[in-house]
Structure formats: structure tokens, C-alpha cells
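One structure, as C-alpha cells, below. Some questions next.
Naming follows writing order (A, B, C and D), and every chain is counted from residue 1.
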Amino acid sequence: MRRSWATFAATLFFLCAVCCGASPAAQPPAKEAVLIVAFGTSVEKARVSYANVERQVKKAFPGREVRWAWTANSLLGTGSKNRPMLSTQEALAKLAAEGTKEVSILSLHIIPGAEYNDLSRTAAAFEGLPKGLRRVRLAPPLLYGTDSLRSVSRLLVQSVPAERKRDEAVLFVGHGTHHASGVYYPALQYYLHRLDGNAFVGTVEGDLDFEVVLKSLQAGGVRKVWLAPLMTVAGDHAANDLFGAGAESWRQRLIASGMQVQAIARGLGEYPAFVAQWLDGLKKLSDRGER
Amino acid sequence: MRRSWATFAATLFFLCAVCCGASPAAQPPAKEAVLIVAFGTSVEKARVSYANVERQVKKAFPGREVRWAWTANSLLGTGSKNRPMLSTQEALAKLAAEGTKEVSILSLHIIPGAEYNDLSRTAAAFEGLPKGLRRVRLAPPLLYGTDSLRSVSRLLVQSVPAERKRDEAVLFVGHGTHHASGVYYPALQYYLHRLDGNAFVGTVEGDLDFEVVLKSLQAGGVRKVWLAPLMTVAGDHAANDLFGAGAESWRQRLIASGMQVQAIARGLGEYPAFVAQWLDGLKKLSDRGER
Amino acid sequence: MRRSWATFAATLFFLCAVCCGASPAAQPPAKEAVLIVAFGTSVEKARVSYANVERQVKKAFPGREVRWAWTANSLLGTGSKNRPMLSTQEALAKLAAEGTKEVSILSLHIIPGAEYNDLSRTAAAFEGLPKGLRRVRLAPPLLYGTDSLRSVSRLLVQSVPAERKRDEAVLFVGHGTHHASGVYYPALQYYLHRLDGNAFVGTVEGDLDFEVVLKSLQAGGVRKVWLAPLMTVAGDHAANDLFGAGAESWRQRLIASGMQVQAIARGLGEYPAFVAQWLDGLKKLSDRGER
Amino acid sequence: MRRSWATFAATLFFLCAVCCGASPAAQPPAKEAVLIVAFGTSVEKARVSYANVERQVKKAFPGREVRWAWTANSLLGTGSKNRPMLSTQEALAKLAAEGTKEVSILSLHIIPGAEYNDLSRTAAAFEGLPKGLRRVRLAPPLLYGTDSLRSVSRLLVQSVPAERKRDEAVLFVGHGTHHASGVYYPALQYYLHRLDGNAFVGTVEGDLDFEVVLKSLQAGGVRKVWLAPLMTVAGDHAANDLFGAGAESWRQRLIASGMQVQAIARGLGEYPAFVAQWLDGLKKLSDRGER
């Protein structure tokens, strides 16, 4: 069958609309938008978390355009061919050029660390620029203040499969950070302990490292550990640092220390309850009209 | 003939590369760039000015990536299919995402008016953002301070065709503004008069309007006027407000006042001398390392 | 006579109240204030201008606290013993500590030059600081935009003593600047000429220097010049650069060029009409609620 | 005895120098300064802490001018007659007017809460102002990041009098906050527990309130509590909320719960070790040239 030029041109137009974002002329401009900002992931399977978040955001804010930006520079442009990932700056600039006036940013970060602070500076810089966004609000990360620690520690305990027995430990391992916001991990540990004496927090980097956690596990006479990522997606870090086959993974080191390990390989973004917690911050922002 | 999926995918890739801008992975990132910012024009013919500017910028800064942004929101997305025009914010965000570290902005504005001040605020907001541009410098518009008035008034007088006689007036008409920078037009008039008693400045909007200019022309007993745009491109304004067939154009009103009119329908961007003046500002910026 | 300790202590208290500014506790805090900012002057006689401005500001804004700041660092602390001059930063910080919430700054500068831009940055930095001023607005300098040039040129012509004859020149000499705002002087010259062919602008520094002005005067066959400062106060510059006995003063050089000189040794701040023009900017600010 | 005018005038000058701060002319300007910023206190006895801090700062930075500012607006102007307390803005503005170029701010706050963030915004606003401070650096509060939690928890345990027995609890009570930085208290609790199972953290406001702490004390079967302020000075809060005679004080409620209470009524600023910790932040700032 012969493909006529007209068909090809139509395809070309369609592709351009898809891959450039439809041109501003092509659709009535969305005036309000939600920009979901995540670190990004190169692990296809991990995107389940992101897709789940997007679905819930669209359900919660039906009238708003929903867009994505990734903060991991190395991952930009690695999206599927017809949807290259944008940086936060690019996504905000594009929304502004399309005529959007208000953007609420949902940050899929766990703590208000370096990434989150960068995001906060970028959001502030874009607010009120000439011919730009009138308002750019930023929702808090999952953990922000003691209220969030109280509720997230409860959600964490509830996320553990029912078959875990009380004398088995559950260990949530986050990225960790050398930023001052690293205090969120010990603070979370405090709240977890109030709920469950066998629930522990560890970090790949920073202060609650494997040695520290191991000592606590051993002090409690733990024999079996339910190991879960304290991460938005079960991506690279989860696959390697937590569950990897190498001797350096937390799983292997726990096993080497004589413990039995049960992996819970799901990112927090896969649980409706954690996404609801993130969205809660976004909704409060809108309700109070705060930045 | 059947088009295989592979062929289609390759085409898709090619089209995306063209219409999204080549992906950062596809080329070594340019570390330094010049961003030329203009109001934009919908008049195809007027783009001669812009093409000329781009050529000279590339010649003057051979190592740097050269990009464009338009400040007229209404014109964004009107570029040819495979090169949609970007806003200043989009162009800067894209350069940042590609790894560029320093951007020098060449503003093709005539005066430091509202557009230029907007540009200045945008440039300042992008400088030093996380994962962004380390430095964003902004060259002055064509007129900026008394030195520029002295040299531009000389260039204006030199731009007049040799066949103009001394008792014939030459009249340069700019957009004008209600911004405080409107003082540049009377100031330019002062310097023009020092060089040529029959050289005049007028503005479509603002204080040096047709009535004011006409009075001066009549006071000098002028019979013939060489009419030229004091604009970067000979675009919409030149075609309509200056040279239009309608009774309200400067040409028709001069004729109606009994004068002969000779049109000089070239934007300043078409003259190597004016482009050199703009580039001079950009070069000084680089030499002194100033912002 | 013996001075008792009680008397001495009372004096001490009184002096402290005077020289520190009355303590915040001592008076109900003024919620709105006008801060008059001037370069400052070391010439006692020139303060007549300042006193006149203060009187008119108080009359125009009866409910507001009125304060002063000087921008000339070298002059700070040179006020009379019981009223040391404050810098702009000090004056704003003091108002904030006393509980003032809104400050309108009246800048007694002639052009929006380096001093004025510094003031503008300082005002912006103080607005919205924690426990500080909610709003800091800055009125324009005497010359700001073409409207002001039109009205100030009229006031200048009207300020000339009635006994000046039309064929006698009147020459207004300002400080001048190497800042881009130097364009205000030639622009003012343009407007003055529209009103009076024998009215001239000169500057101590910058582009409209003595040689340039002299050439214009000679071209017009001028024999007598009414020489006036285009300055807020008739201070140092007026006394030395304009009217000084030294060969380099404008007066002496005009005389040496064969002209007769009549001095008008008053600062613009001494004329109700110019102060009204400054106040007009301040009032518009308040009316429109602008910054 | 007759007091001559000359003597009186000299006294006047002296008093002014004392109560206005010596005028800039009177002394060579200090180019670098340390500004100690504290909440302030109305309790005379509590100033022992402040005096101790000042002594140690002067010893650590012998070449620098040392100044104070208080952040409690209600306390400004309550200093002794000849040394009224300045707000942070006033203190910075005064240093700038005197010609100081660099200021390092030592914040005597415990956590990076609302007060500290206000201070940070003020410091940033003053840096780089025209004719102002070239650099304004801000040292961290006592607790900032996990490293500080580790060392401060050690200092806290060491600060307890030797006669305390291991089965007696020690309870450090801070102001608390509803700001997100409230997470520092549970995080500190985590680190304290790593060192001493009977060391507790409580807060007057916020999440680690009396009920929560009491439950922990009772769970541990505690009979005697060493009660200490986790505050810079043993001021109002310590005197009333902790040790007050009223039924609502922590001491009375502990007693009412059947425990014996031993008060440690010293502010952290009275201990060389804590002041050294604060100063450590200030020194690191200087060493690394950081902001």
C-alpha cells in the first residue's frame, strides 16, 4: 500500500504535537497546572510508582494540566522516544510560555534535602517573572515536620505484610544524605519505635548506616528482617544497594550476619496511602493559598 | 510498499531530534552560548535583519552555540515547523538542561524599555539556579547611556542614502514607549541635531509624536522627508505605521501636509554598522567579565 | 553650687533620649513614615533647602512620622550633636524596630542615577524582612520619564528672575554622571529648547560639559548668562564648580569667554514649585498603592 | 563648686559617644565584626550566659569588633540605659555605616527554627547592599544536621552532675516549636538514647510534651529526674515552665506524678563546652569562607 504525502505530513504533525508538546495555538491554554517533580529513574519497572502517582494526582485535581519534571540531569532525555523528560526549569518555562498562570509542584522526595531545596529555589525564581507564572507553589516532601513523621511512621508500619510476626524486624532503608536534613531519619526512627519496637530505619549514606542498624537488630535478638526501601521508587538503589546479589547489599550483609531476609521490593509511590500523604500536602497548599 | 516498523521508528527518531531540538545526549554540550533575544516578527521578509544578526554573531563568537528567543508571546510557536520559537525562559532552561554554563544575551532592543527590563529580570532569575546556568549576562540595547547616543546618532546620519540633499529632512521613527526610558528619544534628537540640523526623531507612541515632529519640520521649511524606521526589523510597524497606504501612516500624513516622502524601508538589523554597535556591547561584556 | 546625682541622672536620661532617638517604649510607634533621602551637604547654609522640603512633606502628610537619611557616607555623623545623620539602612532599620510598617521614601535626587539605583536596591532589600517593614516604596527622582522632563523644563524656565531678557541665556548646571542616566541631561535640553531657545543645560561631569555648552552659547551670540545650579541644594558643587572664584569655575570661564554672568545661587529644594514636583511623585505612589 | 561649660560639653560628648555608639569619626572603623544574635532575656540573672558567650567570642576572634542584637522585639530598648539593645537589622545597618565590610553572625538559637530562618533571611538581605556589608555569614544554631546531634547529645550527657545515678533519669526540656524544625527534638532523643537509656528530651510546645515524656519515664520505672533546660539561657521559660511553683510547671507535674526532681538551673550558654560547640560553627564558617 502506498503511503501518500498527505498521510505522512499528517503523521509528522501528529508526532510533532506529541513530542514538542502540542503548540500553544493548538489547544486552549491550561491556566493551572500540577508539576510532579521526581528524581527520575532509569529502571523501567520502577515507573509503576510514577504512573500510580500521576493517576492519583489527575483524580485529585481533575481540572488541571499535569506535567512531569526530573531532577536527575543524567536522566533527562532518556524518557521514551516520544516523551523526552524535561528538567524542572524546562517544564516551568514551557508552562509559562503556554500561558499557564499558576503551578503547584508536587515533589516526590522523601526528605527536604539538597534536591528539595534546589527545587524550592527554582520554584521561587520562576514566580512572578515577566510574562511568566504568577504563582509557583511547592508542596512539602513526604517527611516535613513532626506531624508528617507521626503519620508516615504509622503508614510504614501498616505497609508491612500481615504475615510478618511481631518478633521479626522490619527495616526501612532510605538513600540518606550528608545534608542537614539527615536528621529526619533518626527522628523517624524515634516515631517508629513509639509504634513498634522492632521497626528500624537505615540509610545507604549518612548516619544510620548498616553497622549502626545491625547493632540495634542484634541487641534485640532479631532473627528475621523484612527489608523495604524507604524510597519513592524501587529503582536502582533498591535493586542494588538493598537487594543486590553483591556482598555489599544490605540483604547479603544481613544474611551474612545470620539473619533471614524477606524483601518488600515496592517503592512508596506504589502504595495508595503514601501517595495520599503526598497529595495531602498539595491539597493543603491549595486550600490555604500558601506558597 | 510496506514500511517496516524499524524504518518508521528511525523516522520518528529523526523527527523528534529535529523538532525537539537534538537531545542532549546526541551532541557534546556547548558550554558557552549567545542567546539573541528579539521581539520577534511575523513578517517573513523582515527576518532578513535577524538572519544578518545571527551571521555576524556567529562570526564574532565562533566557539559559541548561538540560539534565539522571542519576547512577543503572541508569536511563539509561529516559527517554521522544525524550529518553533522559544520564549526567553524556555531558551535559557533548555541551554541549562543541555549543560551550558554561561550565556551572554544579546538584546535586539533599541532602548532599555519595558521589554528590556523584563529581559533583565529574567536573566537575573536564571543566574545561579541549582543545576543551571552559572552566569547569565545581558548586553545593553542599542541605546544605553550618552556614549551610545553619540555613536548611534552618527551611524543614523551615515545610514542615509547619499542622494539625500542637506535641505531635505531625514526622519527616524521608533516604536516609542510610555516607560521612563522614553527619554532616550528626545536625548537622541539632541545628539542628532548636533550632527545634522535636518535630522529628526519621531515615535509611534509617546512624546515625539507626529504633531510635534511635523511642527519642527514645518518650522524648518522642509519640503522633502527621507523616512526611516528606528527599529530593529522593518516589520509590522514599519509596514503599517510608517509606510502604510492608510491615511494614518506617517508617510500619508507627511504627504497630506504637503511634503514629498522617500521611504528607507530597512530595519537597523540589516546594516552591518548597527549590528556591530550591538555586538560591541556584547564584546565589552565578555572582555570585562561584567554582568 | 552642687549638682546632685539625681539632677545629673535626669540630664543623662534626657540626653540619651535625644541622642539615641526616643526609645520605642517612650512613644506610641508611628505606623507609617516618610523617609527623606538626600545626598547630604556639609554647607550649613545649603540646609535651607532641606528644611524647606521637610516642612512641605510634613504639611502634605500630616499623619506620618518624617525622618531623614543621607547617602553620602563621608557626611554621616556630621549632623548637629543631638541629631546625628543616619544612613538609609540605619534609618529603615530604626523605623522597623520602632514598629513602623510602611515607609515611603522621598528621594531628593535629580536623576535616576547611581545614587538613586542604590537607594532602590536598599529599599527593595528592606521590604518584607522578618519583623520588619511590610512595605517600602520609593518615589521617583525629580526627573523620571518624559512627563517629568516636560514639567520640570517648564518649572526651570519659570524659576528664572523676571528681569532676565529673552536674548540673555539661562544655563542650568547639574552634577552630571557617567551612569547611563546621563541621558536625562540632553533629553532635558531638548525640552528646554522647545520652551526657550536660550535655555541651556550643562553638567560638571559627563557629556554636556563646558566646551559643549560654550559652543552653543557662542553660536547663539549670547552676551549674558544667568547661571543656576540644577541641584537640590546650593552646596559644595554650586559654591565651587559653578560660582567659585577659581579660574576653573563655570562663572569664571564664562567671564573669560567674554560673557557677563548673573548667579542664581539657590538649590531647587528652595523653590516651592520643585518641592511640589517631588512631592507629586510621592503622592501618586500613595494614591496608586504602587511601589 | 562651679561646673564650667567646657566640662559639661565634654561630658555631653562622652555620653553621646557611649549612648549612640561612638561616632564613626571617633575611632578607626572595625572592618570585620562578629554579631551575636540571641532571643534576649528580661531576667537579669540569665545574662550570665550571654556575658560568658561574649567573653569566649572575644577570646576566639581577638581582632574583631563584637556586637549584640536581640530578636525579641518586645525586649528591644530594655537594655541598661547606656546600651540599648539593637534589633538585628539595626546592628547590621550600624556596622555597615561605620565601614565594617564583613560580619559573621553567631546565632545563639538551639534549632534552625522560625527565629533562625528569619535571621537567615535578614542576613541574606544585608549582604551586598550598596555602601553596605560585602559579606554577611551566618553560623549554624547549636543543632544543625546529624553531626551536631551526635556531639551535642554527648555534651548533654556530660553536663549532668556526677552525683546523678544511672537509674535516675535526666530530662532536657527545650522551648519546642510548631515549625518543621521541631524534628530536631525527636532526633536528639534518638541520639541521647544511644548514649544513655535514661536521658530524655521534652519540649514546652510541640510534640515531645509532658504526657509523652511522662509515659517514657514511667515505662522505665523512673523515681528521680534531673531536670535541665535545653535553652541558651535559664530565663523566663526555665524559671516558669520548668521550675515554677505553679502546678503547671514540669517540676510540679513530675512531683505530682510521684517523682523526685533535682533542678539543674543553668542555661547552655553557661557551659564552656556548649559555647565551644557554637563557636565551632563560627570558626568553620571563617575557615571555609562559606556563607
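We take it that a contact is a pair of C-beta atoms (placed from the backbone, for glycine too) under 8 Å apart; a residue touches a chain by one contact, two chains touch by 3 or more.
From a predicted model like this one, the values you see are computed outputs, not experimental measurements.
A.B. asks: Give me the rotation angle that lays the C-alpha atoms of chain B onto its copy chain C, rounded to the nearest 5 degrees.
C.D. replies: 180
A.B. asks: Distance from the CA centroid of chain B to that of chain C, rounded to the nearest Å?
C.D. replies: 37
A.B. asks: Report, in whole Å, the distance between the mean C-alpha point of chain A and the mean C-alpha point of chain B.
C.D. replies: Result: the chain centres lie 44 Å from each other.
A.B. asks: Per the centroid of Cα atoms for each chain, what is the distance between chain B and chain D, given in Å?
C.D. replies: 57
A.B. asks: Name the residues of chain D that each touch 2 or more other chains.
C.D. replies: Touching at least two other chains: none.
A.B. asks: Assign the assembly's chain-to-chain touch graph to one of these shapes: line, ring, star, complete, other.
C.D. replies: The chain contacts form a single closed ring, each chain touching exactly two others.
A.B. asks: For the complex, which residues does chain A have touching chain D?
C.D. replies: 112, 140, 143-146, 149-150, 179-180, 182-187, 189-191, 206-207
A.B. asks: What residues on chain A touch chain B, complex-wise?
C.D. replies: Against chain B, the touching part of chain A is residues 1-3, 12, 15-16, 19-20, 23-25, 71, 73, 76-78, 81-82, 84, 86-87, 89-90, 92-94, 96-97, 99, 117-119, 121-122, 125-126, 129-132.
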